[in-house]
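I'd like to ask you about the structure that follows.
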């Protein structure tokens, strides 16, 4: 029987903290911490307006080789590893798939995503496609993909080969258990060991943004308010005091 | 005077049958019948939510050669073959264009598509672009294209050279008269000689999907219900009997 | 202190005239005037339904070189030239950025675009991305871009190097002060010296289109009405007379 | 039985005249005559140092469709159209193949090229690959290709569908019977109707090049000698007189 | 201490048998056995004229992540897995590297390849580059690569992460211990379980090629001799008898 | 009259020092100094076996716009900026051209390169092509290009717009006067301000390589000799002493 490893899930407060700062701030903050690009280029927000964070379950695909994976879609399904990554799904988990950028393989379809939703998965990021979009749309599972296709997962050029191993997705290495933050800007992989520092630094660096936005909307000078200049800091501190906020 | 061939249209019940099963099931079923990829990669559903099926009229483009096609847009229009493919349009026909993936040539614009709609064409699939999208949008012609452009069809690098000949569109060979099935998953070309067998096989393979979806929604086990296991088959047959359906 | 040049803005009636004819007619008319492709391939209408015209302010990026631009996002911001192009913005100006097609650099984010809106800029065209889309969406600045990203402008591979110099954007050369026309078909660069002739020629060539559209909607013959045949010209002139229009 | 059309071959003096001026001058001269790019981008000189000119026999490939071309390499070979294009070869003919830029299909191998050589073919231009290069190298057939591969012609994604029809090769339209000029700069397609004018204009425009080269080698001023300035023309005419050449 | 697995090497006669049939015949024969494309697209014969066969040692790279692999080239070299794959090299082994098609990372340089040669390795196949080519050229190690670069292996975008695991190289899945056959046509991966059958079938299918080549060279008819027709078989058998060969 | 700026040339010993360390060591050393990738990806060594170093003269191209550059090749040649960059050439200078990766424009041909050679230029690096290769080959000018073409520089899509301004070439920013180091590994841009430090660091880091190579050739352990381990350092120092070298 096929057995695949589960992951170690990060503490809830790290996931919540990253969801709150969002993909843009997470990516920028990691850049200032030495991770040049944590953003996965390729998968885009297919279900506009959704924002999620959660630990990564991973699925690795390789080019199809007919002596290893020649059978049809439904023959001995327990050997099909794209099913196994779903068996591990717990509430809020994000499934991340290295589908090699393939535009002719739909990794998951309506049935699989119905099951995923039933297990309360958080979202799916694929460097590739899903299928059954006419039906998937109504299901409401948050998706970051390159596109959609009518083809099924092993119909053309790829096959799943491993679950919960390190993968590349959209040019970024994802280690199982890393925290994915995804919204309309795209999907970012936060290395789990850097999550706490990232949240803390993000708050320190961007605490003044609400104040600055308000000033710019009122016609304030970009040089003074973005980034917050030393000259404007007392003004900001007064603004905070007024609102009972910590600068 | 320019003369181009018409096509032989398939019987209506084949077109209707394929429309009902949709692009995803058509593509998957053809794969199990030996046609590895009937899906055209490149053109995407530009008018979301539309689903069509119909026989293919085809238009072939080649790289522009100024000694063959140097004239302006409106000079001797009867020589412009993109017009001729429209002259053949009957109700429900799908025009399929090999525009070579070109992103700087808009094969049809508002005027042409107004004429196409007046002839009750079914839809248009282009491995390339249309133009006049600000006006086309309201017209409501179902479109599968790579994108839009303000340029007209021979403005930059391509020119139409033949109507109703075999073409390549999105990596798939389309023979005039083949049946195109297109929805939000994309556009699929069903070889007309395989259409009947494809419909029949699709029904046989996927009849249990409504039942399985219901079970998965109620928290059913993926292993038991998708694909339908032998263990669950009696359950499915009972479900059918209750509804007066044929398993 | 960093100093960058301003542009010479074209007369208002040229901008208004081009806005009225739209991107498709502007591009086609320029083609008939000898400019083969004035359309920028790559940036697409990200804020559907918007149409703008205005003079181009330009920003040029080059590949990042760490000895020239290694510092963080907020260190010595006055040296960051993407800010300076915004300092020049007057009502209706279009900022055009050669971001080298990079998908991992968000040239502007919410704060910059809030400032741009405050200065009543007309729109932004980038051969690349913006960031902060979850917030930008509500701001309503018209955008033609390749996509969105959570990364900031110099996070990965590029850096701004010059303001209001000739640039390439989407395969088209843009001279500062040229007029950009952008709508759902995409963005077109009209060389300012050709603007008046382009408007005049567009009216002459397409004056009959309203008439022809009406005829095609009523089932008229494409050969007769598009383009307007000599045979149908009297009919058109009568149609004009009836409406008090100049043919 | 499969029947394919032969071509009309151009007069020998046109072929010889073009061979003499070479690919660079042919392409540049055609550009000045209105054919912007007669050069096929993609195929490169694989057998360095060879130069050929001759009429084009053409072979058109489309994406493979298993219901049309599923059989093995050697089953019913008379249906394989890549053989038929070779049946037409006469001395000096150039076979041009639209292999769709495919890097995984070797259109011809050692056996086919041995036969081609036996018929004294002039050369082969493929927007794709050949196979059996370890053996082909010694055979000495002049080749312009994208590369080599061990795969045979229908092994992966394409199939031949027509012989001696208009094709696209490397972004250029080739009409059967057009004259191909190919050397280490690449392969150029000269429309047969323009061949005589192209040769005549090339001689007129470049007759002074031998003189100018000599001057530049001796340290002459680029401004004076390239292109030949009016000031230097008497000098050139004297140089011609000395050699009994017609200026 | 880093430990990586060794591979199981196939029997010598399989390796020798495949070397003798070469890449083109191996790839074609596998295609007829159901493996559509065993050819790695991307790496090309960089050291022309070399032909090798041997078991695959594999090296897997992922996109660089600075928190996992930020150190310099020479810091703690024992953690650098591209060294470890070389530690396993035995006479005739082929090192196959999934370098993700990266053109800016030179996986091995002169020093590493000197060591590889010292261990009598058979050759190296990389979906990417080597560095130090000015020195490597004289070393004479057979190489199939995409190109060369002055950069070292982790200088830009990738890092090695695993040794002797299944990888993708040039679009083909390679299992450690599979047999690589590489010559001027490129590199082919023969699944080890299919090697014996591939050799046997290749001999059966192509035994007549020497005879046919001789006939074609003497002006024989392609239809009669390639592939060998039934009509010509007695002739072939006589040819064999004369030479004491088994048909 | 067209006037373009000259450059400031670096001291000769910097150029000589960089030539001696070569492209691979220059690129690696700069990486350890913070310049992640100084290597230009795209142009490759077209004249194998040549190695050069010299200050960069630069030429910038933009997409062609017919209203700015519609004239023929030889009309008013003094306005053609690709000529002007050559007017600045002094002995050993390297001309670097941002030709936008275009494969259909040959920036320089035989005549221009004859003039360049006459001025004793060091070499040419183009992110694009040259033309007249059949003649250029014998001229012997060292070239790093993407390929060759028969087309001339403004025949298709680009035009030169500026001389000796900062450019991007192969993904690297080149400032006029920076030192280019190019050999069979490719071309590297060394920022002039870092040149002295780069040479000095290269010697410090790689002084032991000659010793290590000798050891590896004699079957030495990779772990001990590459990089040089502390254990082997006394051995290296003895080796140096014997040869009168400074360790």
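Note that the chains take the letters A, B, C, D, E and F in the order they are written out, and that residue 1 is the start of every chain.
Keep in mind that, in the parts below, a contact is a pair of C-beta atoms (placed from the backbone, for glycine too) under 8 Å apart; a residue touches a chain by one contact, two chains touch by 3 or more.
All values reported here derive from a predicted model rather than from experimental measurement.
Seen from the C-alpha centroid of chain D, the farthest chain centroid is that of A.
Of all chains, the one whose CA centroid is most distant from that of chain E is C. Superposing the C-alpha atoms of chain D onto chain E requires a rotation of 120 degrees, rounded to the nearest 5.
Chain C and chain E have Cα centroids separated by 50 Å. One inter-chain figure worth recording: chain A and chain B are separated by 32 Å, centre to centre, where each centre is the mean of the chain's CA atoms. For chain A, the set of residues that touch two or more other chains comprises 36. Pairs of chains in mutual contact: A-B, A-C, A-E, B-C, B-D, C-F, D-E, D-F, E-F. Per the touch definition, chain F reaches chain E in the complex via residues 22-28, 31-32, 36-37, 39, 41, 44, 51, 183-186, 188, 209, 212-213, 216-217, 219, 222-223, 226-227.
Residue ranges of chain C in contact with chain A, taken from their complex: 72-74, 77-78, 83, 86-87, 103-104, 106, 109-112, 114-115, 118, 131-134, 137, 147-152, 155-156. By the touch rule above, chain D contacts chain B in their complex via residues 34-36, 62-68, 70, 100, 157, 159, 161, 166-168, 171-173, 191, 193-194.
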